[in-house]
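What follows is a single structure, written as structure tokens, with notes after it.
Naming follows writing order (A, B, C and D), and every chain is counted from residue 1.
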């Protein structure tokens, strides 16, 4: 039997699988939050989720729309102040994985969530850095999940809001007390990982029914593929079921009021 | 000791044109009622500080109250852009707004340092980010023990802090519960503070290590029931996520925004 | 995730001779049971850190476990001197102990900075005090924004933190209530941590912003009922002020101290 | 009718009177704590007392033996961490009065609680600085209460643990963000205040039945007396009654257990 699933679902399920029970994950809102909670509701019930709003070890039943929805606090082990969150928990070295989304990502996994174009005269103004600049350097490693498109995957980001490996792949070399940086990027087409030496992002696994050409077409630089290119396992029926119910609960909740 | 005032009197007395004002509440307890009163009183040339500008600052900017914005994440959470902020920055409508941009970690540390009475905050931050290139406030210091280079930002010491809390007792002590954000820090860091509360009670019902602002650390308290809507107050009401989603359409269009502002802010009285 | 161990196993496994150990608890929740286990296991050459050495360090020093002491107030609160500390510093008995002396503010900031993963703490401190003349750890930095000279001290990052808490749940999350001191900071700042608790429960019963150490931030938990006596545990038992007063006589005399140590520590088993 | 009272009681009552309802007082253990709580139980019921253990606005029924007795926490408005106490509340500028005791005090109100003699080879080793060094500079002003004797009142302290006005009276000049320093010293013999210009401690008021000679005899430098020397008002019957009951309650409590 073949299950039907969308590319978005493929992305969320694959991103979720990157998390394991023993991780302490600082979760960005949006796609990372969806993936992290899917992980918690499927194979990693003990994964520790932290949101920058101060909620430690939270277990929301519905996905928060904002980073500080009441659901996060009510289901948390405890809630600390935002300065404590960034100082003690993130900078203090207690976060194993920072899970981030982005608006633009480049060859060296640098992230741009600030603007498209020139800083003083932007073509498009984006929300800005938020927690990402320090999540990316203080978490032990970083997972990124983002939809794959030529607009998003660019040769070099217009603005490095959040460092991956810098303009030359060497930005983390010899920097004291810095995390390993991005170790995996999960898109709706494939999985990318930094080359161990050059730190350039390389496709290591294609999602089912995705061609190399589709990835090449959706990437703004001459993308490389790993020699031993894998095919990402499809979502299971259970994963899809949990994801769909999570999204349905979430939509019903956020549509209420007003 | 905190003074009990109407919201109208508190805003009138303690916020002046040109002030640096920090209205905080990290998603939770955002002081919308106070923001609307600032719009009604047509305060001008404010420098606004806030980690997450949110709808409240979109409204203040669209209403023409703001000259400069210091922030670290300027969006409608989970929805998209703040269109009034973008219109002001990109098109100068209704007036141009200068922005000074940080990361959350730096602003959280800057509030902490402000509360601690220090002139600077030190953090391991901004490594290889372009933000220091566009924000002259970001410098660095060298650790005299290890030689490590660390980021330094000026502490935040606003003229006025505005926050919303669950409740105050009749002596003016204030309880904040749940996602407490940087509310304690901003009140302690500011020269003056206005706290709106859901209710005034005989007994705070605070647990032993609760986040309580003593009366002598607060300037003015105004009762403003539902004063955080459309954000939320833990134990009182939930976040109106549907309004946050609806705001996207309202704020996209200048005329529609102005109509909304007229109907929902300008033609309303103060809450108390 | 925190491991549940006997106190004997926790001390044996996680404290080595020569380690830097910070046993904290600001008057409240002082980890006496753990201190006694360290004495029984005859750990040696420890560098001990603690704001207020108190009786627990007087006992460890008198028992010969200590090489260096970093502290900011070394007395028997409300009673007088710590005679074992004085005997070690002044007479080198049972061995000489080197002291490195701070103010409370500096140590509190150094713990805070340690928890925050920073190499230094910055404070407005030590102005015109002679302490910087005798403690080479105290330096100063210049604020790059204001030019102000501020004190800097190295952050505290001990090998092992030892604290006592009211309770843990079965997942290993720990609740500390009341005078929380620097307990959260020292556990987060240390490479390893041992937490003794009054009891292990199904549900912590923690309020929404309670001081909770998550299981994944703690190395080992050992149940040690009354493990803070003669200090106290809010909600469990009161401070034994009479013992603090009696200690003055016991500790004044080397032989009397040794007899007490034999009877009350060495010949006792571990609490669990 | 003449009330009988001891010199210690005279000191405590006089020290208590220095506090008013509108003050926020960071209280040292021992004599300052006794005076501060006496003030709270008599003429200044609204005075805000803070102890360095983190207890904000505390109202103990008995005097704490240590700075962190349970009584302080249970009767407090709230209790914060010790780093928060020193950073936000003291250094943040929210303390109007620091109330300190000392082992030695000198002509310029410098305090020594570190040692007598040489630092490396002390004649007497004292407990050390504790909270005092930063209380003395970060509180808006400082009150000191200490028993008067030649051993305590010395020309120049052996070690400046906590600055009054420095070796020359000028230590606070041009220092940014520093409090006014000691404004009054209350002993069992008299009240001293710093000369407005030289900052040298000068006797401004003698307690009843205390002679100038007694003060001269108990002071280790050539002590000056104000031109308009006052006589300190005697304790009232109410003050003495409250003080005695407070001390009796305290003694009964601390003798319990063990």
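Here, contacts are C-beta pairs under 8 Å (C-beta built on N, C-alpha and C of every residue); 3 or more make two chains touch, one makes a residue touch a chain.
Note that the coordinates shown come from a computational prediction; the quantities given were computed from them, not determined experimentally.
Counting C-beta pairs in contact, the pair that comes out ahead of the other among A-B and B-D is A-B.
Distance between Cα centroids is largest for the pairing of chain D with A. Separation between the centroids of chain A and chain B, computed from CA atoms only, is 28 Å. Averaging C-alpha coordinates per chain places the centre of chain B 39 Å away from that of chain C. One finds 57 Å separating the Cα centroids of chain A and chain D.
In chain A, 73, 79-80, 87, 91, 138, 177 are the positions where the chain touches two or more neighbouring chains simultaneously. Each of the following residues of chain C touches two or more other chains: 112, 117-118, 123-124, 146, 148, 178, 180, 184-185, 208-211, 234. Judged by the touch criterion defined above, the protein chains form a pattern that is neither an open path, a ring nor a star, and not fully connected either.
You'll find the chains touch as A-B, A-C, B-C, B-D, C-D. The touching residues of chain C, when paired with chain B in their complex, are 117-120, 122-124, 137, 139-141, 143-146, 148, 150, 152, 154, 177-178, 180, 207-211, 234. Taken together, the chain B residues at the contact with chain A in this complex read 26-28, 51-52, 71-75, 77-79, 81, 85-86, 89-90, 101-106, 108-109, 111-112, 123-131, 134, 146, 148, 178-182, 184-185, 211, 230, 232, 234, 238-246. Chain B meets chain D in the complex at residues 1, 112, 115-118, 173, 184-185, 188-189, 206, 208-212, 214, 216-217.
The touching residues of chain D, when paired with chain C in their complex, are 29-30, 52-55, 64-70, 72-74, 79-83, 85-87, 90-91, 114, 119, 122, 125-134, 137-138, 159-163, 166, 171-172, 175-178, 253-258.
Contact residues of chain A toward chain C in the complex are 22, 24, 48, 56-57, 73, 77-80, 87-89, 91-94, 138, 177.
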